[in-house]
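A, B, C and D label the chains in the order they appear, each numbered from 1.
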Amino acid sequence: MINKVVASADAAIAGIEDGMTLMVGGFGLCGIPENSIAALVRKGVKNLTCISNNAGVDDFGLGLLLQNRQIKKMVSSYVGENAEFERQMLSGELEVELIPQGTLATRCLASGYGMPAIFTPAGVGTEVAGGKEVRNFNGTDYLMEYAFDSHFAIVKAWKGDTSGNLVFRATSRNFNPLMAMAGKITIAEVEELVEPGQLDPDGIHTPGIFVHRIFQGSAYEKRIEQRTVRKRN
Amino acid sequence: MINKVVASADAAIAGIEDGMTLMVGGFGLCGIPENSIAALVRKGVKNLTCISNNAGVDDFGLGLLLQNRQIKKMVSSYVGENAEFERQMLSGELEVELIPQGTLATRCLASGYGMPAIFTPAGVGTEVAGGKEVRNFNGTDYLMEYAFDSHFAIVKAWKGDTSGNLVFRATSRNFNPLMAMAGKITIAEVEELVEPGQLDPDGIHTPGIFVHRIFQGSAYEKRIEQRTVRKRN
Amino acid sequence: MLDKNGIAKRISRELRDGYYVNLGIGIPTLVANYIPDGMNVVLQSENGLLGMGPFPFEGEEDPDLINAGKQTITTVPGSVFFDSAMSFGMIRAKKVDLTILGAMEVSDQGDIANWKIPGKMVKGMGGAMDLVASAKNIIVAMQHVNKAGESKLLPACTLPLTGVRCVKRIVTELAVVDVTEAGFKLLERAPGISVDQIKNATAGRLVIEGDIPEMVL
Amino acid sequence: MLDKNGIAKRISRELRDGYYVNLGIGIPTLVANYIPDGMNVVLQSENGLLGMGPFPFEGEEDPDLINAGKQTITTVPGSVFFDSAMSFGMIRAKKVDLTILGAMEVSDQGDIANWKIPGKMVKGMGGAMDLVASAKNIIVAMQHVNKAGESKLLPACTLPLTGVRCVKRIVTELAVVDVTEAGFKLLERAPGISVDQIKNATAGRLVIEGDIPEMVL
C-alpha cells in the first residue's frame, strides 16, 4: 500500500497558496477539519475561495479564516449565524455565491466521478437559474450545473489508514467523502490513524486512491452549534 | 421503522408481469439474486427486458431465464460464456444492447439520484455513440446518456434488516447498491435478515428508503466462474 | 385560531404509515411530536440521516450527530448515515414521501418564497430549493398573515422564489387549503374561524365550494 | 522476440512507486507477477476493488471475491471494496495512474479496437470503453502481427473502435513504440530483433530516429 502520511497539519497544507480554491468538508461545525483550518490561519494564505456548505461561526471553523481576512469568496448553501461574515459581505470585502445544498453536493460528486456537469431541478424558475442552461427531460425542467474545479480539498474523517482509506462517523460524514473525491489534491485529517488492514474493507467510505495526504489531528474541540436536549422523565 | 419483509421469493416478485423491465444485480455470477431468479423461472413471466452487467452462464444466473425463453432483450456490458445466449442472439430470438460497463453503472446511479442524464467520455467516436448527443466540456467530448427506467430492481445483499437497510460483502457489491437505488420497486434478497439496529448505521451501503421488499434467501449456491488458485510453496 | 403546535398537530394528520418525511426548521420540526402512536414514520434529515430520533438527554449530546438545523439529536434502531450527495439523491429521486416546510409567501399557483428578503442579510437557501423542486408532496406550515396583517397567500410571490408550482397543501393558523388550477381551495377552517375571516386573510384566488368543515385535531 | 511473459516483464518497467494500476485480461494480468520488490503499486479491479492480491490458495477461494475477469482472487492489507459507479467514477476522474490492456488493432493516431469482430459473436466491451476513454496513461500489450502475419499496428483500425486517440505506448513481442503526432515512434527493439523486422511488421507510419536500443528486461 502507498503511504500518504504527512507529519503535521502544517506539512499537510504545503502548496496552498494565495488565491487558490479550497473545498472544506463539514456541515455547520460538524465534521470540519479543525487542525487544517488552524494551520491555514498560521500560514496566513490570503484571497482564498472556499467551497464549503457553511462558513463556520465567528470564532470557529471557517470563521477563523474570515476573522483573519483570508477568504475572498465563499461558495456555500447557508451562511447564517456569523456576524463577521455579515459585516464583510455587506461591506463588499467578501464575495458570496449561494448554491442549493443538493447542487453543492452533486457538483462535488460530479468532480469526483469525472462528470463535467449534472442536471438538477433545484433552482429552476428562481434567481439561481440566472444564466444557466435549462433543459427539459420527460416534462420536467432541469438546470445544468458544472462540476467543481478546486486546487485542494480538506476533509475530516473519524478513522483513516496510512494509505488514505477513510471512515466517517454519524452525520459528520456529510460533504467530506464527496469533497475528498473532488480535490485535485486531497488532504485528510483523522481522529485516529491506523495501519492498512485495520479498517473493514467493506466499511470504508472513501478509498485511499482519492486521498493524497493524511495525518492524525489532535485536540478536537467539536463545538456544538445548537445544543438541544430533553429532560429525563 | 417500516417493515419491508415479505415471506418468500415468490411473494417478493409479485407484480412482475410479462414485458416488464427488470434490473438484476451482480457481476458475472458474483452477487446475483439466486432465489429471485429461481422464483421468476417458476412464475414463467415472459418477454422481459433485463438490465444486468452480464447474462449468467448456460445453466445458472440469468442463463436460467434465457434457457426458459423468458427474456426478450438483454442490456449488458459483457455477455460471453453462454452458448444458449449466443444461439438465441444469432437466431434473432434475443435482442441485445451492449453498453460500456461504467455507463451502465452510472445510468443506474443517475436513476437512483434523480438525475435524468449524465455525461461520459466512454464510447465517444465508436459505434456506441450512434444517435447520441455529443457535447464538449473543456476540450473533451462526452456522450449524454440517460438514466434507466425500469419497473423492478432485484438485488442480492449479504445482510439486511427488516426496514430494508442493506450491507454487501466484498466484490459481490458491484451493481447491487446502484440498482437498489434505481428501481421503481426494489426487491432485496439477503443471506441474513436481522432486526433494525443490528447493522452499524455507519456501515450500511443501501439505506432502506430505496428498498421496498426484503426476504432472507436460502441455499445460496454462489457458483464460481473462474476458479483460479495458486499452489502453496 | 391555531398556535404553532396546533398547526403541527393538524399537519400530523397528513402522515401515513410507512412514510419517509423531511421536516424543515420551525413549525415543521414540531410535527415530530404528534406522530400517532403505532404509526411508522421515518424522519430524513438532509445532512445525512434516515431515522432521526428525539433530542438527546442532557449530557448525552454527540457533536457528530446533528440534524439539518444543527441541533443535537439521536438515532433510532435502523437508522442509517450517508453523505450529502446520497441524501439529496434520494430527495431528487422522490424517495421521500412528504416534505413539510415553512414559507414567507406562497402563490395561488403553488410558487413558494422562503429564503431571501431583499435588503436583509441573506443567509442562503440551504437545502430548501432542492427539497421543493423534487418533493412528491409538499405541505407548507406558515402563518396566513404577516405581522403587519398582510396576507402571505398571494396571487404571485413578491419575494425571490425558492421554487415554482410545487406546493400542494398549506396549513395555517386559520385554514387548510390546497393549491389547485383554480387557486387556493379552502378545505378546512381552524376551530372558531369563519370562512369570511379566511377570505379576508387571503390575497390570492380562493375557491370556496359548499360547506367548509372545521378541522379535526 | 518476446513471449507473453517477456512483454509483461517489459511493461512492468513502466510502473512507478505509488501508482494505482488497472490491468486488463490476458498479458496485462501477467504484469502483476513482475512488480519490482519494494515498489508499492495498487491494483484496481473495475468490478469494485482497490488492492487486488494474488490468486487464493486452493480451498480458500471466496465466491464473493473475484476480479473483473471473474477469477477468484484475494485482497491485501488496506484493500477497499466499492460499487461499480464509484469504480468507474475513479477511472473517469483519472485517479488510476496507468491502464494496461490488450488490443486487436491500434492505429498510428492512438485509436484502439479490441472488443468486436464483425461476423463473430460479440461478447461486449465490458469496461474497456470506459477505461480507454478516461485513462491518463494507456499502455497496450499486444502482438505486433496477427496469426496470418499481418500487422496490427495500422494507419487506421479496420475493426470497430473501442476508443479514439487514447493509446500512449505499445509493447509487443518485437518492440516498444509510442504514439506521437508523426505516428508510431520506435523506442526499443526486443532482444535479437532488427529495426527492419519491426519496419516490416508495422503497417502504420513508423518514425525511426537515431539508434534504437535493445530492451532492458
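Throughout what follows, a residue touches a chain if its C-beta (ideal position, glycine included) is under 8 Å from a C-beta of that chain, and two chains touch if they have at least 3 such contacts.
Just so you know, these numbers come straight off a predicted model, no measurement behind them.
Shared contact partners of subunit B and subunit D, listed by label: A.
By count of C-beta pairs in contact, A-C exceeds the other of the chain pairs A-D and A-C. Averaging Cα coordinates per chain places subunit B and subunit C 36 Å apart.
The geometric centre of subunit A is 28 Å away from that of subunit C, both derived from CA atoms. Note on chain placement: the centre of subunit A and the centre of subunit B lie 33 Å apart, centres being C-alpha means. Across the assembly, subunit A contributes residues 106, 113, 115, 120, 168-170, 173, 201-202 that each touch 2 or more other chains.
With touch defined as above, residues shared between interfaces to two or more other chains in subunit D number as follows: 75, 81-82, 85, 88-89, 91-92, 134. Taken pairwise by the contact criterion, the protein chains fit none of the simple patterns, being neither a path, a ring, a star nor fully connected. Working note: touching chain pairs come out as A-B, A-C, A-D, B-C, B-D. Remark: subunit C residues 17-18, 20, 40, 42, 44, 50-51, 75-82, 85-86, 88-96, 134 touch subunit B in the complex.
Residues of subunit B touching subunit D in their complex: 27-31, 53, 76-81, 86, 89-90, 96, 98, 100-106, 108-109, 120-128, 158, 168-178, 205, 222-232. Those residues of subunit A whose C-beta lies close enough to touch subunit D in the complex are 1-3, 111-115, 161-163, 165, 181, 195-197, 199, 201-202, 204, 207-210. Per the touch definition, subunit C reaches subunit A in the complex via residues 45-49, 54-67, 69-73, 75, 81-85, 87-89, 91-92, 111, 121-130, 133-134, 160-165. By the touch criterion given at the top, residues 106, 113, 115-120, 137-138, 140, 142, 146, 167-170, 173, 200-203 of subunit B touch subunit A in their complex.
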